[in-house]
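These notes open a run of structures that come right after.
Consider the two complexes below, in which chain A is the common component and chain B and chain C are the respective partners.
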Partner chain A sequence: MSFLHINNVHKRFGETHVLKGIDIAIEQGDFLVLVGPSGCGKSTLLNMIAGLDSISEGELRLDGRCINDVHPSRRDIAMVFQSYALYPSMTVAGNIGFGLEMRKVPRKQRREAVDRVAKLLQIENLLDRKPGQLSGGQRQRVAMGRALVRDPQLFLFDEPLSNLDAKLRVDMRTEIKQLHQRLGTTIVYVTHDQIEAMTLASRIAVMRGGELQQLGTPQAVYDDPNNLFVAGFMGSPSMNLVKARIVEQGGLPVAQVATDDSTLTLPVVRDRDALRDWCDRDVILGLRPEAITDPASANHGEGNIHEAELPVALVEPTGADLYVVTTLGGTHVNARMRPGTPLRSGERTRFAFDVSRMVVFDPESEQRIRDERTAETTPLEETA
Partner chain B sequence: MSAASPTARRGIATRAVLYAILGLFAIVYLMPLYVMLTTSFKTLEEIHQGNMLALPGQWTLDPWREAWGSACIGLECNGVHGYFFNSIKIVVPAVLISGLLGAFNGYVLTKWKFRGHKIVFGLMLFSCFIPFQIILLPMARVLGILHLANSTAGLVLVHIVYGIGFTTLFFRNFYASFPDELVRAAQLDGAGFFTIFFRILLPASVPIIVVTIIWQFTNVWNDFLFGVSFASGDSAPITVALNNLVNSSTGVKAYNVNMAAAMVAAVPTLIVYILAGKYFLRGLMSGSVKG
Partner chain C sequence: MSNASPERDGGARERLQRWLPKLVLSPSCVLVLFFVYGFIAWTSYISFSDSGMMPDYTWVGLHQWSRLWTSWTWGIALHNIWVFGLLYIVSCIVLGLILAILLDQRIRAEGVLRTIYLYPMALSFIVTGTAWQWFLNPGLGLEKTMHDLGWQSFSFNWLIDSNMAIYTVVIAAVWQATGFVMAMFLAGLRGIDGEMIKAAQIDGAPAWKIYARIIIPQLRPVFLSAVVVLAHLAIKSFDLIVAMTGGGPGNATAVPATFMYSYAFSRNEMGIAAASAVFMLAVIAALIIPYLYSELREPRS
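Right, the complex of A and B next:
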């Protein structure tokens, strides 16, 4: 029995079907991040868990208890809102203590709880101020304090960092992660930022158009995407998606990709059994930028490296890395090389492809072509 | 850049013309007040000498005393003070109750939307545009049925009913820009319908409360038509009493007493404006940008 169980949950607003049967289950202490583009239904799902939106169909279970019809205040859930939603006329202490006050906790105990949380979040000196006198980061802390003070079974975060400037966002991200590790709380966190999802989550649920695309650990979602959408959405710069053709060579399937002037043949390592059926058919190859490097920085030990000399279309240094663009299958492909590699556009250089990290997609259904046994991170398996 | 450059000179000239016009208008608008004030401190003999604009040669408070305590209104000679307190008895409950109901309506119409909430709000808005005269007869009938005719309570009811449209409009627009997330957060914290209203929304509504109080106070205090129609005799408000005072002729017209009584009638609204005026514009603007 999992701790939070979202079982075939639907949401309809009149004619529009916003959530089309979501199945997610997480354990106590998990950090689940719901990620997806705007309008994918992730905030709606969070509001349904909170009890602020009704459930059209399906079941929500928290710690074994069905909470479909339980009032928001009795679900033992706390939420941090995108706008922080601090009560403007109350002091910080009043804001943090309000939930306890509503639950008729005696004043003295309340004061102690507020002090404890304020100390944890290092906002002791702000307790007598009004929200209007606080900076963005301080408001964020107060909003978290209001959730923490109640010590609920489940925390919900609705895009809590989207109103902060870039630097503060990274700092607060780290703090949230530290807080989670220290307190061991169970968190459901909504964001459209895939970097936040990768860095914070113990489980990522990628959503699109009201449907769950993939549920898994950050690494699984990153390395082993279920479909083209997940592959393109997660990761920055995003995964290279290249048109190719599977042919048989020496009894094994290989992928052939058109370059500017010839054809590149890449051996297939993953999902070989499934790809046997795809011989002489078009597919889409997925290769992360870091799986295409210069030969010297390629991971010769573990990877399966295949080298080829290709023309350089563009060079983009970022300081930490050097992104080298070449053309494969008619589209630009990013390769991550060592910074300082002396390259100019128009030259030719050797690229090292780590084909052990290559994934293959069906261009029609946009689904991943994979062997049966490697399908470890599909949503159905997770919830079984 | 020298100070005497042509552009600078033209700027000063424009400014001078502007201030001259503004000053002229200020004088035009303040003139009646000036005449009222000076006349109310003059003796009758001095008034009869003419020269309306001159300052009183001999300052006297007698007209004020007479207006407050002994001027004849109809057959009784007790001044306007009784009617002044009538007006207070009407204004205070009418403003508070219509304001509270308007705040409540605004809260429900924005934060607890129900099917048809737009139609309900539209109808309430419509009530703001109904001229006073149209409802005189139906209202008289209603007050008769409720046995509230010719009473202060009846007049309070009329002003509450008439005011709800405006107060609802003010509060609805103000609460429309009040974040829904605050209500949701309070719900999660365990606050109920009334707690959210009294603890979260109302304390954050000071600007719009001030606007509502000023608006309702001036409207109810200055009302003459409802007062003269639904309350006569002892329960009449001060506006009606002032009219009766001026019309109760005992030979010589006591302009100084009339002016003093008019000032007494005008002072409360002036005080409200002076005390809360700076909030008035701010509050009117705050709801209007969004929603």
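Right, the complex of A and C next:
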């Protein structure tokens, strides 16, 4: 039995079907990130776990107990809100201790608990201030303190970093991750930022339009996306999605992609069995920018490298990397190369494609084309 | 030559643009200076003069002021304004807040209800006073209706009871202003972050504690505005009392404003009336000026 079990949960607001049967199960100590574009239902799902929204259909279980109709304060959860939702008329200590006060914890014990959490979050010197006198990052800490002090079974975070500036966001992200590792708490975290999802999560649930698109470890979601949406949403710069055609060559399926002046043929390594049925049909290839490199930086050991000479449309140096753009199947494709590679647009250069990382999608259904045996669990997910 | 004239034109237009607003505003500015501040000064002077029925500019120092403060009617008027003002402000705020909290529960037909509560504010005090005078008149309104319906023992004659008459004025005034106060509180309640209430729910606070500990403390600016608005309305209250009780029975519902009116225009004691008027102005100024000061200063800080 899993620790938090979201079992076929639906949400309807009148006619609109906001959540269409969500199934997620996580274990104690997991860090689940619900990620998706705005309006995908991730915040609604979090509010339902918190008990702030009712459940139209389905069941929520926390530690074996059905919590569908349990009042938010009795679910043994704590929540950190996007706006921090600090009580402006109380001091920081009052804010952190309010939940304990409502639970009739004696003053002395309350004071001790508040001090302990304040020390953990390094906000001891702020305890007597009002929220209005704090900076964004300090408010964020107080909001986390208010959640931590109660020592609940489950923490809920609703886009807690989206009101911070970019630098502080990265710092707080690191702190949340450290806190999770130190305290071993179970967390459900909502964000629309896929980098936050990748860095924090032990499990990612990608959602769109009220439906769960994929649930898995960050690596599995990144390397082995279920459909075009997940492939395009996760990763920055995003995965290259290229129109191609599967043909048979020497008894094996290969993918043919139109370049500016000729045709590029890429061997298919993954999901070969499934792709046999797709011969002479159009598909969409997914290749991460880091799977297209210069021959020298290609992973010849593990990968399956296929080289080709292609024209360079554009060069974008970022300092750490050099993104080289070429045209494949009528769209621009990003390749990540070693910085300092002397290249200019208009030239031709050799590109190394790591076809072992190539994924193929059905252009109609937008679903991944995979072999039967890898469809259920991928090896990557099992190791997590 | 040809490029000198547009420059001159532009200069003239610029000068016109600079002076036009001042020109347009100056007549009203002069009128306000004369009729408001000029007459304030004039009234203040009269309060130190020997004026009776007609203005008399003989300086008598604090003579009129001491007559005002030894006047028995002025004592009643001051006592009444205290009773009226306190009850009026407290009842309006309590009822307004309760109504606002009830209306804030996302109920149906909220717009209709809000309008119903706000409508009394659209009536003038004269209309309110007259309507309530009819309604509370024992021979005409509520009491007679109850008698006609067969409840012969029903009695509600506060309007003609000199000990209770001031409370009928309170009832009418509260009826009129509660909707307005409710609207102020409702706007304040709508401005409160919904996530904060969710956080309090998760913290385990029952609804009344959420209001008492989290929401109402945040409405402090609304309380302040309500008190200032209601307090100056209370001190200025004149037409409501004239329409409802005429200051009676006897002097039972006399307030400073009716006192001032009767001394100035029926008792021919313009000096005392002027002193009472200046006193009311001073009280209102003591309330409004710090309020305006804090309100107007706020955006900068």
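In this text, the second predicted complex is superposed on the first by the 375 of 384 C-alpha atoms of A that agree within 3 Å, B and C clash if a C-alpha of one lies under 4 Å from a C-alpha of the other, contacts with A are read in each partner's own complex, and residues count from 1 in each chain.
Basically, contacts are C-beta pairs under 8 Å (C-beta built on N, C-alpha and C of every residue); 3 or more make two chains touch, one makes a residue touch a chain.
Note that the structure is a prediction, hence the values are computed from the model and not measured.
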Simultaneous placement of chain C and chain B on chain A, clash or fit: clash
Touching partner for A:A85 - first (chain B), second (chain C), both, neither: both
First, second, both or neither for A:P72, with chain B first and chain C second: both
Chain B versus chain C as contact partner of A:L328, first or second or both or neither: neither
Touched partner set for A:L212, first chain B, second chain C, both or neither: neither
First, second, both or neither for A:C40, with chain B first and chain C second: neither
Which superposed partner A:L52 touches (first chain B, second chain C, both, neither): both
Residues of chain A contacting chain B in one complex and chain C in the other: 47, 50-52, 72-73, 77-79, 81-83, 85-90, 98-99, 102-103, 146
Parts of chain A lying in touch with chain C, wherever the complex brings them together: 47, 50-52, 72-74, 77-79, 81-83, 85-90, 98-99, 102-103, 146
Touching residues (chain side chain B, partner chain A) in the complex: 179, 181-182, 184-191, 195, 199-200, 203-204
Chain A residues within the chain B interface of the complex: 47, 50-52, 72-73, 77-79, 81-83, 85-90, 98-99, 102-103, 146
Chain C residues touching chain A - in the complex, by the definition given at the top: 193, 195-196, 198-205, 209, 213-214, 217-218
